[in-house]
Amino acid sequence: MSGQYYAARPMKLVAQNYGKQRVRVMKVLRSAPRHEVKEVEFGVRLEGDFESSYTSGDNTKVVPTDTMKNTVHALAHEHLARQTEPFALRLAQHFLKSYAQISRVTIETNEQRWARLAVDGQPHNHSFLAEGGTPVTKVVAARTGAVELASGIENLLVLKSTGSGFKDYPKCAYTTLPETTDRILATSMRATWRWSAPPAADYDFNATNAAILDAMLAVFANNHSPSVQTTLYEMAGAALALCPLISSVTLAMPNKHYLPANLKPFGLDGTGVSFVPTEEPHGQIEATITR
Amino acid sequence: MSGQYYAARPMKLVAQNYGKQRVRVMKVLRSAPRHEVKEVEFGVRLEGDFESSYTSGDNTKVVPTDTMKNTVHALAHEHLARQTEPFALRLAQHFLKSYAQISRVTIETNEQRWARLAVDGQPHNHSFLAEGGTPVTKVVAARTGAVELASGIENLLVLKSTGSGFKDYPKCAYTTLPETTDRILATSMRATWRWSAPPAADYDFNATNAAILDAMLAVFANNHSPSVQTTLYEMAGAALALCPLISSVTLAMPNKHYLPANLKPFGLDGTGVSFVPTEEPHGQIEATITR
Amino acid sequence: MSGQYYAARPMKLVAQNYGKQRVRVMKVLRSAPRHEVKEVEFGVRLEGDFESSYTSGDNTKVVPTDTMKNTVHALAHEHLARQTEPFALRLAQHFLKSYAQISRVTIETNEQRWARLAVDGQPHNHSFLAEGGTPVTKVVAARTGAVELASGIENLLVLKSTGSGFKDYPKCAYTTLPETTDRILATSMRATWRWSAPPAADYDFNATNAAILDAMLAVFANNHSPSVQTTLYEMAGAALALCPLISSVTLAMPNKHYLPANLKPFGLDGTGVSFVPTEEPHGQIEATITR
Amino acid sequence: MSGQYYAARPMKLVAQNYGKQRVRVMKVLRSAPRHEVKEVEFGVRLEGDFESSYTSGDNTKVVPTDTMKNTVHALAHEHLARQTEPFALRLAQHFLKSYAQISRVTIETNEQRWARLAVDGQPHNHSFLAEGGTPVTKVVAARTGAVELASGIENLLVLKSTGSGFKDYPKCAYTTLPETTDRILATSMRATWRWSAPPAADYDFNATNAAILDAMLAVFANNHSPSVQTTLYEMAGAALALCPLISSVTLAMPNKHYLPANLKPFGLDGTGVSFVPTEEPHGQIEATITR
């Protein structure tokens, strides 16, 4: 009744999607005494013929988000292994196959990395230490057959204590920043790379993703940084150079400022040595680079 | 040098933006004994002719993000008053006017609301209590003259203890959710509305935004909810009905589940009375509705 | 075996406790069309004769923390009503009665407040808006019969835009803070008060707690603040004056700094008008006041 | 005036302390091409003859918390090096020496660890990756000369995928937990150890702290865990056995539950393989062990 009231107005649903977020899974891969652990959080989003659920209270096409959660748990038990990408692709296809009203499925994942704990210098068989940096993947699969796949990492906190500067920028009445040829550069980076086409399910995503990241971090470490922009661009270049199967790289790099400590009131000069880490405000640089 | 190395590859910058996030401002509007306080956090993002900063280490067009911060502080001191929208519009134009290399400016704001503290039943002149729900605005201003303005609110946590159900949905092998005609519905809503054109600077945004929100919350409270989707759609309808100056409404409503407590093992029936609030996983429903 | 190895060393367990944290409960009190909702999170900690679980792998006295969670859910269904304190007291006694090995039970609670949503100016029967400030209680009940009960509130964010200063403090080589007779004072206060003895279960805790808080906030608002310390002390005094049944008040008041914006480089004077809110570092003042 | 009003009541200040929290410092130790970075956050708390600041608005003894911040920055520039403990001890003594009204100083620190980034398999000279687990220290220094020093680590997230069980516990009407001989054990541990007396400033705290942690983690990994309690006790034993200079160990180990996934409705058995990570509720085990 209330729905009819508003349906009487000329209104148009121009975009809609729904799904379940933060579906968490832990698999213990224990085929050998040397266990592997795989902890992944999933987000599932559906688009399609769901308009009647908005406009007329009709749920007959609405796959419950609780069912999405169950599906992730059941399929993960059967199919999730060391690599996230093949499973995310399969999960997306499952929803398309199961429900005709879905036109597009988006699966997003992020992973809690667990490094093997070293005990007496030896990697332990079944004990693990949480590792920083969150691997992510994203699949967008359409009923048309089109599939997009991206891999990457976020929350990776890196810093260089020299080899970075910022100068020759334009000045105006509101400019107070001094130029510098030596500063700390720190970022909590998010990097994702798009696969030209999804590689075969037995492709070694884990190894390639690690190699891409290593290539980007080598640039971060080795190249002098005249700006976050240049460093970002060169890191993307290193990723594209490393892996011919990826078509683009998107990087988001907050500039986590370490401000020079002002020690002049105390007769001290902290230049290059003493800094104050700050959370806010922060710079933010984002770009997408293709071949 | 390192830049040249990568520039040698065929690479293309297909999207880039940069700016300053989390620039915080507090204004005390103290023209009368009855103070007003206005606490807003700004994000500034620029797009434009900044490619050379990525590809050749050239900073001569890069407005420092520190300058953006200073600009926010200085202009806020001079111009920020009770309403955020006129100031956000002015701030965007300032950047376009000051720097020819900018093609587009995005200003995003969120506000810490402060309600007047009641003392002995009377609203106090200069003491305040933080209030939930974060008003937001977004301005996108282009050198072409095009300006988009949106207002809204996020993190607004609302709940209804009855008047909500969910049934008649499709079932499959992975469906375990029981149908219900009476459940708790809770969400931390994000609602934004786009203005057809930016109203004049002396328009009463605060009053209209409050009225739009009230209209949406009345629907949330009064209308029976057969699904989050229907409730979202009807809330958008109420907003569009209330204010002819807005052209679309976008709502994001996480379904913050309150699961029925399973008390059967203890010989108890908690139906409709005892629930377990959960943070994860959660449903998520998002849609944009236009006229 | 491994346990015996370490037990061979001369080691002493000088303190131990264990329990379940973050047990969440929502009750819908629906005896009338006008519902009440009560959302509380519990922590349960036990002390007692549990040494053998540490020293010899003996679990025969270890009440599982999962059982604690179940107990909270079951007893909350049967007994939790509008007031938290009587239920927390009952819950503590339940554990003492059920398990002889327990010498002391600590129950800590925090509550998500839900204010009735106003629709067309009228409080709604079953729709609610989250409210800031988290009411807390703490019960420590011993087998000896001794019972301590405290009530209070935390995360209550309040601010005064004038009526606060800080001057006449000692200076040294590291002092750069200018004296001020007019600043913003803001805090996210935690206030708890200890009951001389637990009042009867039908005592109106909710009303008294609200009155105590009002009395403290009136002092915060009305009294000139020469320092956080003085304001804290006067607020405690107001609480003790208001309610003869409480024996002490403990306050923790972070000084959430709003720094004067430095606008001199831009030829502006922001004194008393423009401030920069900061999260870190922050002052912290804590004290306990008794009669 | 307002102060006098409340001072007229019989009130007693039974405990008070104040200070500055979250004072952040980054030092770049660059005596060689191979930089070291040291990022530490400090909390400073003072106790002493500060009563008049509470009771009569007298600030003449109140060292501003802003001065504490400045002091940390200035002394850190001059004295903070690779080890936190000697600096924390020195910082505490500085306050005692500088201000006669202080009877006791508490310094707490936590450190952002930065591991050297590996580039082409080689540790880089000036690039770093954030590392999990937060080293902490605590100094309590009194005017009497008494000094307590503790070191440790918090937020260290570790997990074992087998070698843990929980059985033979008491059952009651509220027990539903099944016994298990094989579960996942995960915790975000906090471990601190008290030094019998502060070692000399040139003592190698970093190496000893690392060795103590390694010894505890070896026990976590290698010993079968019949309960968190036993594992905690054995870990403390390993720490005490490793380092004769520490007199006690305090451990807080939340039991971060990985619940067996319930796949029965889908005809699957997830035992030992599929789990659901949960944040709440969680067990919590805390104990202090001395020699």
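Just so it is clear, A, B, C and D label the chains in written order, and each chain counts residues from 1 on its own.
Going forward, a residue touches a chain if its C-beta (ideal position, glycine included) is under 8 Å from a C-beta of that chain, and two chains touch if they have at least 3 such contacts.
Please read all numbers here as calculations on a predicted model, not as lab measurements.
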Exercise. Nearest 5 degrees, what's the C-alpha rotation angle taking subunit A to subunit D?
Worked result: 180
For this session: Could you tell me which pair, A-B or A-C, is linked by more C-beta pairs in contact?
Result: A-B
Exercise. Taking each chain's centre as the mean position of its Cα atoms, how many Å separate subunit A from subunit D?
Worked result: 30
For this session: Could you put a whole-Å number on the gap between the CA centroids of subunit A and subunit C?
Result: 37
Exercise. How many Å are there between the centre of subunit A and the centre of subunit B, using C-alpha atoms for each centre?
Worked result: 22
Problem set entry | Junction residues of subunit B, two or more chains touched | 24, 70, 74, 174, 176, 222, 265-266, 279-280
For this session: Provide the residue numbers of subunit A that touch subunit D in the complex, in ascending order.
Result: 24-28, 30, 35, 37, 39, 70, 73-74, 76-78, 112, 114, 117, 119-120, 124, 126-132, 156-163, 184, 217-218, 220-222, 258, 261, 263, 265-266, 268, 270, 272-278
Problem set entry | Residues of subunit B touching subunit A in the complex | 2-3, 5-7, 9-24, 43, 45, 50, 53-67, 69-71, 74, 98-99, 166-170, 172, 174-177, 219, 222-224, 226-230, 232-234, 236-238, 240-241, 248, 250, 254-255, 279-291
Seminar exercise, completed: Contacts from subunit C onto subunit A in the complex sit at residues 173-174, 176, 265-266, 279-280
